[in-house]
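Multiple structures follow.
What follows is a pair of complexes built around subunit A, which joins subunit B in one and subunit C in the other.
Entry: the complex of A and B
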């Protein structure tokens, strides 16, 4: 297939394809981080993850409308405020859901699957009733559109670069919070042994609520960022849920590093295969490879070593 | 049947519709027809994934029914509708269709959107002898006594558009990209045959992405590498939004790179955003911006009923045709009986169609014009080209299979 193309063409395509892979990697990490915290740290199978993302997207849409109507001069910067609001909205909803629903189910992790699936259906219908069944178009400030011209034939999408920077920032913050801060130590203590953690004076209920809120909040930020690359509608969250679980499970549920490694390997495999064959086939082969590896290594790529 | 007619006859003296023919004469098969009312069903997804698309169809059908009632109804009877929700789930569609036909005895069903839902409903309407008016442009390869297809089938929609772009842009090489299911694959198969055999051009790539896929950077790179004269797309649903946003972000300028889509109507642009798709060409039979008296009246009535901000896409207009064509056919047949309607359908013409003029073909599809529009920043299409004559529907195209 390369016979007809010049070396220069091919070179720039490989560079751009490399970027495509990195962007996909960032997207995967961003959408999986929230779930990695909730599923990985708390063992809650959160089927409503996609809907928390879409809440973030709707918050972004509303913020953009508000700015257009009342503060058009500041429109170019609205996106940063929108992401913060998305984090707060999804996080608050997450904490509410934890209080109403999830906290009664910690001893029955499989039931969380059913409960959160029901929650996802309710949220979808709520979005449909509030925002209408049709997709909404989120208008972006001019500087976020288009691409950077690196050379004549190499162009890098700005929204991709934006997602990459955001992913790096959020990953570092999450890693810091979980592994360096006092609160992060409490979270990990609760994960390892809930009863002992309670016995040494950690308020496990509070830790659970904030952990769940943090996971949902990050989902909200991801949803906000994805308004740049995807659609915003009541059921758009469903588009992400399969890939998200794939990344988290493949990486090894309780490991942040595993999530990143798995996002990297899945995204690179997929984007490379996509270039050499059709999109559907690339997806099939990627999934087959993941299934094969999980059969050999059911605990995922990285597993937390604990004494059983 | 005779039993059903008895109460109707006893009611006759009370009926004030002097001109309306007797119920026993126009309804010999026990449909839900009284002296003053006739019941039809509306069967679309008001919930679930497809609600995005089907909402417009529901609105259009309700508008048409309201207008028909305001103009005196059908054979002197007001149309009453029963709306059922297919919930984006194909078995549910079949079940609800059966409920409408068996329990409610509706005289016709306006409904379905995806081919999958139509395929699920088809055996039901054939078994219980119902009448389905189906609004979506679709892949063809189907024809039924019990279905009137008010949208275009694939050859009607595609061929004229390809001819136009080949002539206008001198296009020789085409890159196809679609969602991975029956409609894009069949449409692209027809398009490929036409490009290769009739236009003597070349298809330099044909790609499919799973429904709901949101990552198109790799295929956009392939498009950049192969530099096709035309990108031909039938990506649907949420993927559509992702595709155009990423195309724009990758620096593909649709003003310089011709792109012909058969899956983007005004409805979709709402979600995609006008700035992401401006300059693309769409091949359809209807655009909201069409400049004719029928359409102006239709658009203003639609907006009055459903709000200033609503947009009207190709399928919405086709859904609007359903109740009208049914009314005209009933009047031509002088009966609500399904068999008589099926037989009377060919030749029925609707001069008040927003798209201009349509006529039902022997094969139960519509003769209609095919048009090419260019997407503008405000989310509307500017009409660039329309076929001089009505295009004949050809659901089983020879040489394209």
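Entry: the complex of A and C
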């Protein structure tokens, strides 16, 4: 199969394939960051995570339509406002869900899975009723179209570069918030020992609500970034939920670094394999490898040593 | 049928009689063949729910991959039926006669090796039990021996369901792809499509279901069932008492897999096709929903859950397709939040005490002292 390509072509193909993998990596990281907080830190299995992401995507779509209709002169910058709105909308919905549903279930993690699955069904139907069953796509501003010519044979799309920069930025902010800020310390304290955290004066209920809201908000931003590279439908979120859980579990549930490392290895494996075989077989082999490694090393790549 | 009074306590006996009366007498007499066939379809999920009661309700192992075993059983059956339907006379117009139509469409010219043994019915029946059983054994051994459980197990079984679906859809030439295996016609020359065949298949299925209920009840009552419950409540204490927790978990998981596979095989026979839409993540979670709604701790409850939720699904999605998903989602949240033991929990809390009181007051009138409550206490 390599006979038809020159060495230079082959190099370019690997670079382009690697770049496609990097875009997939960005989507995985954005999805998995929120889940790593909700599942990794709080232990809640949030099956509705994909639907929070889709909410962000729909908010972005609505914002772009609004700008097109009323503020066409500012259209090139709508995305930044849309991202903030997506964060706020998903975060607010997340806090509401935590208050109504999740806070009753912290002691029954398996039941959060079932309850949030019910929630995801309802959200999907709500999207279908409000936005229609058909997939929608946002119109990209002019500066995001086209691609950068790195060499003669290597081209990278600008929207992909943008999404990657966004991912890096969001990852750094999340890491800062969790590991540097006072609030992040409170979150980690509550996760490690809820009773002691309460005893030293941390309002654990409030911390729980904001943590869940933050995780959902990041999912919203992920959805917002997702509109740059794909179209959005009521059930798009469901396509990613299993992959995202595997990314988080594979990385070691409570470790941000692990999440990023596992998102990178899974996405690169998949996009490299896609060059050699059909997309579905590439996916099957990747998932099989992940499941196989998890059977050998159930705690994931980077495990925190915590005394239970 | 003689039922040992120790095998079922009084309320279970009532549940048994009620279910038998409905399935053997009332439904066949009142429903037309089309509706009866729908009930047969719902009952295939009852097999899965029964397995989940053992594995999830008693063993505490939540598997989100029951669709995998349902699908493996169903595909084994469907492969046999498909081979019989693709005899050389039936497939004359193909470029390669004698192989299933979807293989011909995908330019495959010879029957693949793993299809060959499915010419034999004996092999097929063995495969329906053994293939999912062995698969569950492998997954279970790999996971439970390394003490992976709870949420991790649920997520990994879910990933297995995703993998199998992608594989079936992707390997169209060998599996029929997204359309699945359609146009199944005869079983050993006996046409499974006309009305009288559907009625016979319905009764075969109900008999099999009661056989499985018997097995499940037997497991529940023996020491094995008690160890499962003990394991769910205090896994470490069971381990420190010298039991191999992993082996009991593997057993419960394999039993659930085999029940699900029998359900899948009956599905292929009753409904006449098998497709990946019964294998993946969504159907697997729906199977958990049936069990949760009916009551994860109750054998009869889970079966009623499978029948009632599916009945509601059919009738609601026929008339109000939009409401159905809202209803299902809300039902699920309500079951988890408000009544974790499902319908059977509600029955035991609200209906059963009244019935007991009724019996007790009759006995009191007859001048007996009331010690029947002690007999009627649950066996757990």
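Definition applied: the second predicted complex is superposed on the first by the 308 of 308 C-alpha atoms of A that agree within 3 Å, B and C clash if a C-alpha of one lies under 4 Å from a C-alpha of the other, contacts with A are read in each partner's own complex, and residues count from 1 in each chain.
Quick note on the criterion: a residue touches a chain if its C-beta (ideal position, glycine included) is under 8 Å from a C-beta of that chain, and two chains touch if they have at least 3 such contacts.
Remember, it's a predicted structure, so these values are computed and weren't measured experimentally.
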Using the touch definition from the top, say if A:236 reaches subunit B (first), subunit C (second), both or neither.
-> first
**Message:** Output check: A:291 vs subunit B and subunit C. Expected answer is one of first, second, both, neither. What do you get?
**Reply:** second
Thinking of the overlay built on chain A, is A:109 touched by subunit B (first), by subunit C (second), by both, or by neither? second
>> If we overlay the two complexes on their shared chain A, which of subunit B and subunit C does A:101 touch? Say first, second, both or neither.
In response: second
Between subunit B and subunit C, the one with more contact residues on subunit A is chain B
| task | Examine A:205 and indicate which partner it touches, taking first as subunit B and second as subunit C; both and neither are also allowed. | result | neither
* Just subunit B (first), just subunit C (second), both, or neither: which does A:125 touch? -> both
In the overlaid three-chain picture, which partner chain does A:278 touch, first (subunit B) or second (subunit C), both, or neither?
both
Footprint intersection on subunit A (subunit B / subunit C) at 125, 128, 238, 278, 280, 283
In their shared complex, subunit A is touched by residues of subunit C numbered 62, 64, 142-143, 146-148, 150-152, 154-156, 158-160, 162-163, 166-167, 169-170, 281-282, 285, 288-289, 292, 322, 325-326, 328-333, 335-337, 340
Within the complex, subunit B is touched by subunit A residues 5, 9-10, 13, 16-17, 19-20, 23-24, 27, 125, 128, 132-139, 145-147, 149, 155, 157-160, 226, 228-236, 238-240, 270-271, 274-275, 278-280, 282-283
Residue positions on subunit A within touch of subunit C in the complex are 43, 45, 101, 104-105, 108-111, 113-115, 117-122, 124-126, 128-129, 238, 242, 245-246, 249, 278, 280-281, 283-284, 287-288, 290-291, 294-295, 298
Subunit B contacts subunit A in the complex at 46-49, 51-52, 55, 180, 206-210, 212-215, 217-222, 224-225, 237-238, 240-242, 245-246, 248-251, 267-275
